[in-house]
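A, B and C label the chains in the order they appear, each numbered from 1.
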């Protein structure tokens, strides 16, 4: 570790130099160049606002040089920072060139100091934050929460239009019969067939079909029509199967019916 | 003010009873299980009187929104029983009435008072008990007077709530067949039942008027 | 017999304030997570004054073993921090946060809304994906609105869960925030000579807003 190996202009006391060298040991422990700079700045033992950036630049360059001599691999961003600080150092040491634009060396140095102060402040804030009372460590939530039970209620809804549509649907059904009494005026063929099968056994001679109509079905024209039609259809069916014979004297004459001989 | 009845004072004074009560409060609040007296005493500073602190705490929460209750041999905070309803959230779901229900309802509305047998006759299918019950529960239909026919069957009529819901002054405000037809809800072909009118008894008298022009 | 007069009292009065306080107490006691004022009001009977009931309740629990604390815009009961020593530690050991994660969290909290580039500028190193992911997973940070600068970079802000964890009523109550701001350490100060974004003011608006009182 020959001190005369490096060419940087050193204005450090031997103690400062030692401290800078001591930091080498932790080279992997730094979180980047700014972190390293902050550690170096702390060795100046002054308020970060009053830190000497020139001195800091020199500390950093020593550090990088020592690392190089020790063949420690430094990440690229450490070297970028070193180059920048070397530039800043030269700017700080030399008088500004006339006509030079852009930020002055002092402005650059101020900003670096600001960055360090800000990083330090954030670290302090982080520490204060973590020192706060924390949930699950210092204060606690209800251990036995009582869950909200959700009850589902179903509300059925319908609009007037739904109601009208439903009614319209029923009213237009083909088989629709609005009133139960309506059915009473209809005598079905099945009914008539059953009835005629029973009655025909007692009728050996020709008899008017209308005489077979059930009681009460001649009271209104509708009922009479329905019963007559049903019975007429029924005897046609019976004739077809050979149980009865039919005859009619002429158009609109009475239809007569008679049981066929030899049928049960 | 120390609580020590022993002659020899304890090395560390137990906290004041009010402080012990605070501690019991915090411990019971945060515990995931009800805590028995023994376990509680174990967690309080030496010399504390868990039973007394617990009793003070229990009394403090009397009449509050949460109570300190004994669960078996252990203690826990619980919602006051009268506030249990706050722990229930009712979600209301809107659903359309089933086709059977809306048709049954329509028949009752248009033909009231109408018996169950008549509803079935009109719909052409049996009316399930559930459908009637549902409409009853919704308070859209109720029982009307019994029919003066053999068996004295009960009838159904629509309710005030029904009229309210559908924005009707009375069931007579329901649009008649002509209007339904005009609205395109009915076929132009006259419905088969429309011409049967000779059978009007008091069953259908009320609603028949609706359809006379 | 109809209810018609104008001076008829409303059918359902809101419960008395003391009763509302009980209800708020029960609801908040039952919940682990903070409950917002709106959600609370929704669960109280119609006409209740949740804010006033909360204030009464907060005062009632002052100095008790359990406190009513405000977290963001929500409220929760928590054990008093001075009694933490009595509590059994949470069984699930909290994942140890790395130094990078803690610093990143602090920077987000104090500088929010803050972009990844700004975090890196402050720390002087790249922010690893894992660090952000970890903080996101813990639900302590979330994405804020995008910055209106070229590239529209996303920003990070802290969450209500973060406030809840650290017992903060709002991000305004972060320790030392005022002093940091007074010292200009929360300014978004670009390096000299760097091209100034036209909306630099908008950049720092987040924490600025916090201090307009």
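By definition in this document, a residue touches a chain if its C-beta (ideal position, glycine included) is under 8 Å from a C-beta of that chain, and two chains touch if they have at least 3 such contacts.
Predicted model only: the values in this text are computed from it and were never measured.
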item: Identity of the most central chain, Cα criterion; value: A
item: Chain whose Cα centroid lies at the greatest distance from that of chain C; value: B
item: Distance from chain C to chain B - Cα centre to Cα centre, in angstrom; value: 37
item: Chain A and chain C: spacing of chain centres that average the CA atoms, whole Å; value: 25
item: Geometric centre distance via CA averages, chain B-chain A, whole Å; value: 29
item: Multi-chain contact residues (two or more partners), chain B; value: 26, 29-30, 77, 79, 87, 89
item: Multi-partner residues of chain A (at least 2 other chains); value: 140-142, 146-148
item: Touch list for chain C against partner chain B, complex; value: 21-27, 29-30, 43-44, 63-66, 77, 79-80, 83, 86-87
item: In the complex with chain A, residue positions of chain B that touch it; value: 26, 29-34, 76-79, 87-97, 99, 101-103, 105-107, 109-110, 117-118, 121-124, 134, 138, 166-168, 174-175, 177, 180, 183, 185-187, 189, 191-194, 196, 198-199, 201, 203-204
item: Residue numbers on chain A that touch chain B, as the complex places them; value: 140-144, 146-160, 162-185, 220, 222
item: Touching residues (chain side chain A, partner chain C) in the complex; value: 31-35, 37, 77, 102-103, 107-108, 110-111, 114-115, 117-119, 121-126, 128-130, 132-142, 145-148
